[in-house]
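In the part that follows, the structures are each spelled out as structure tokens.
In the two complexes that follow, chain A is the common piece, with chain B as its partner first and chain C second.
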Partner chain A sequence: MPRIDTALREIGALDSLAAQDTPVHRLDPRAKLIATMAFVVTAVSFPKREVAELMPLFLFPVALLAVGRVPFGLIGRYLLMASPFAVMVGIFNPLLDREVVAHWGGLAVTGGWLSFLSILLRFALTVGAALTLLACTGYVGVCAGMGRLGAPRALVTQFLLLYRYIFVLADEGARTVRAHALRSDSGRPATVRVWGSMAGHLLLRAHDRGLRVHSAMLARGFDGSIQPLRCLRWAWADTAFLVGSLAFFALVRFGHLSELLGRCALETLH
Partner chain B sequence: MHMADALISPAVGGTMWVASAGLAAYSAHRLKKEMNDTKAPLMGVVGAFVFAAQMINFTIPGTGSSGHLGGGMILAILLGPYAAFLTMFSILAVQALFFADGGLLALGCNVFNLGFWPCFVVYPLLFKKMLGDKPSRGRLTFAAILAGVVSLQLGAFGVVLQTLFSGITELPFGTFVLLMQPIHLAIGIVEGAVTAALLAFVWKARPELVMPSVADPAARSASVRPVLVTFAVMALVTGGLFSWFASAHPDGLEWSMGKTSGKEELEAPADGVHEGLAGVQKKTAFMPDYGFKAAEEGPAAQSGEKTAESKDNVEPWPAVSAGTSLAGVVGGAIVLVLAGLIGLGLRFFGRPERVSG
Partner chain C sequence: MSHHIVEAKDLEYSYPDGTPALRGVSFRIEHGESVGLVGANGAGKSTLLLHLNGCLLASKGTVRVGDVPVTQATLPQVRHSVGTIFQDPNDQLFMPTVGEDVAFGPVNMRLPDEEVERRVRESLAAVGAEHLRARPPYRLSGGEKRAAAIAGVLAMEPDILVMDEPSSGLDPRARRNLIALLKGFKHTKIVAAHDLDMIRDLCARTIVLHEGRVAADGPTATVLADRELLAGCGL
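For the complex of A and B:
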């Protein structure tokens, strides 16, 4: 995971992008949520050595990002920062699967390299889709969509409250770290014991603040769940978007688009 | 140790989502009575605390490196199993959405690995039992470390199993287990020590925060047996369903399509885009079956000449024929460029409609 304070700053960047008003942002969160989940399932449902047929799927996030006026660079930077776990586990594939499956020119291509490449593509597609969903819908929108799709009330409330408090406590945590840095001569991170008391103080302050905020919420009519600010309305555009997306995924999954296109291109070249 | 979308199959991801969503629904149901209470804001605050505490680094004793808190056990101890599970769910969702940690489909796996074990297994069956009715500081430390180790071992083993059942990586079971378990033994010890240090402080300052379950007889009587039974039944049903669906054919989706259409290989529907494309392809095709023949005569021949003497070139490959894969590679590259161009075009002209659908 990237450093938490830079990550939190990036959260602000993503959420401000989500506040835009474009055709993609105006779509119902439920439509985008369902389409994104279907996209992820499509991407991971390909056989493990598939590379070429995954490519058409890039159209979906790219089109959404373009119409939603989200900078491609931001999503790219996220992808680079993101969890190296997939890469670390996948890197063993070329070593373990040495079966030669194709020769391109003089180059023997093993199944392991294909499946490693496939893992990298899957990673870019799935993580890119999640970030696209967030940048085009916003965290609160995603939560509202989840709630309307049947997620338990308690869970949605927890999602929203967690998001509220993250920034408050991050500031508190940053102050704690600065205070420690100013008072310690070594510049090294705290020992586990010192960490315990620093984090403990943070927890106690957070706890008290939580109780205070809760009293304030009760005074304003909180009944255990947060009502969404904005009513969701399903429009024809949402149906069209969802049906179109699902049809596109099915076409990519079963239509062998890359191969058809490649054949056509080769024929024309010939 | 976040599971990633890139490493799982739809069957594994779907099964774990059903399991995690079921546990979340059950937890939410159990919490319904408490939500009006102070629990809701406390869950939000303690969840956010796990993020904030990650900002404070600490030195791992003996090494120069620094680590940060993971959080599953501390949540279970402070909030109780049900609230802790929902809180862990929300933390992992924020990590999946904002930090690109894991992924949307893998969220089910991650919630299960990092939430189910500490909240519903280790906390009630190990941590609480070890503390007993008269907890002391030594016991607290020991229990926290052991709980951290055990829950991370179980979680890491979950990652191994999910990865292997998905079959995307080539890592054999033994190697992967030997890779994952020792690493997570170390992480678990550190995590446990950190949790113990935090608990020791809170225990001194506000003992009632650490021991709500000991102080409150109602919470103590809360049994996890229904959870375990529900979960076991659910896992059996969905797991059975999914694995039957997935194992009957290596590619579950294609298999199900074949089943519903009554054909092994998918045939294009008589109308629509597919037929149109196939028609274009038929018209332009020199050779109907684009096997290695094309690779010999097509543009690949130029590069193929270098290895013309190698006999491999003339034989069809076991899995993918050279011609097909060449077409695939060319087509894939074209599509990628097209996708980029379409994106740039959409951005440039600001056209208000999607093209991909």
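For the complex of A and C:
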């Protein structure tokens, strides 16, 4: 089992990339948020056996990562960490759908394998785009963007506090587990009873902390919503980025870009 | 408010689960005074301090800040003039960066942007933490967290500073810096602490709490010299 606290620290690492100053980072969070949402909709809207047509979509996150100077390896590592879920979702498709739909160099390919591959690709595209958004905008930037786009204030406030206190909670959890390990027989895992008690205490402590944080917020004039955090400024570059991205998605979705690209490639070869 | 006085009269409070925490506390703290609040664990110090900013409201008796009694209706006014520094800075630093956290109070007061900016800059400078402005709070050291939390309170420009064990968890140097910093403030100060040396350094007057009652109230030198009294109160 991956250690939850190290996993959280890594999310912190991803977020600290968001402090960079590149053309991608300077874009308004709203522009990136809308573009990413449109991207996800585009990726999932293809027919379920589509593979080739999905490929050009990779250009979008790859371009953002390259301009935003985010290491590809980091995003790749997260995708690998999360990939078992995608595999589980699609693993039965090859068994259920055995209709042969294509031949690749003498190999008969069934619809099931194509849709499985398609699921993996879409997973990589959508999760990759979300991680890219996070690395190029930062958690707080994304929250601010959501707030300005009309997400309920209470929700945005909760997201912000979640991000702040999940680290504190993880630290407390890690300390509890360590304290248990130091006083228990080496190697013997905790019994269900002990785990239950530890989890219960953690929950109670989290609840107490919630009350204390709320007092501290009230003491400084909190009235139910965190005020606009960062002033966002929409510039021409944002409009250009958004229109460009949407046009690109439309071209991929309806203009059969991959076929076009393939034909171009063939022609230059000849 | 012309006078930054704090007054409690026959203050009683029981927690919702029935624990009686305060059983009749009375005192009056004048403008500009610096008062230490000492007592064993569970004596009721934190509970008392939560009454001074209206986070808890008395079951019986009254608390007045300036000319204003602390009630549901006067909370905004009271919280404007009383700045509270909580025991665990983690509870107090809830915004994504130190700068945004310091701005939290002023923004809630609906101050114009330039005024918020001025206050953030000045309070960070007052605690010597300008360089922490863009940092997320969870990566700060204990002393830095404490400084940031104090800046967040100073930014509201309160008349009265209330502190719950401000020196707990600090190393000796951070502790010395903190004491020097607090000494420089001209506010009316109320400081709960186990750190009797800090109280000696910082406060001319000391109130001893014991099981929810005031056991002694007088000049710090006299009160903290009374070994019998202190031993009787578990100190």
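Methods note: the second predicted complex is superposed on the first by the 256 of 270 C-alpha atoms of A that agree within 3 Å, B and C clash if a C-alpha of one lies under 4 Å from a C-alpha of the other, contacts with A are read in each partner's own complex, and residues count from 1 in each chain.
Following the convention adopted for this analysis, contacts are C-beta pairs under 8 Å (C-beta built on N, C-alpha and C of every residue); 3 or more make two chains touch, one makes a residue touch a chain.
On a predicted model such as this, the values are computed, not experimentally measured, just so you know.
Chemist: Is A:V140 in contact with chain B, with chain C, with both, or with neither (first, second, both, neither)?
Modeler: After superposition on chain A, A:V140 lies in contact with chain C alone.
Chemist: Please indicate which partner A:V41 is in contact with in the superposed arrangement: first for chain B, second for chain C, both, or neither.
Modeler: After superposition on chain A, A:V41 lies in contact with chain B alone.
Chemist: Is A:R148 touching anything from chain B or chain C once the two structures are fitted on A? First, second, both or neither.
Modeler: In the superposition, A:R148 contacts neither chain B nor chain C.
Chemist: Let me test your reading of the model: by the given contact rule, A:G221 touches which partner, first (chain B), second (chain C), both or neither?
Modeler: second
Chemist: Look at the residues of chain A and decide whether chain B or chain C touches more of them.
Modeler: Comparing touch counts on chain A for chain B and chain C gives B.
Chemist: By the touch definition at the top of the document, which applies to A:C264: first (chain B), second (chain C), both, or neither?
Modeler: A:C264: touches chain B, not chain C.
Chemist: In the superposed arrangement, what residues of chain A touch both chain B and chain C?
Modeler: In the superposed arrangement, which is not itself an observed complex, chain A uses residues 139, 160-161, 163-165, 168, 209, 213, 217, 223 for both chain B and chain C.
Chemist: With touch defined as at the start, can you tell me which chain A residues reach chain C in the complex?
Modeler: The touching residues are 19, 139-140, 160-161, 163-165, 167-168, 209, 212-213, 215-223, 226-227, 229.
Chemist: Hey, which residues of chain C end up touching chain A in the complex?
Modeler: Going by the criterion above, the answer is residues 50, 53, 55, 76, 79-80, 82-84, 86, 88, 90-97, 100, 104-105, 107-109, 134, 137-138, 152-153, 156.
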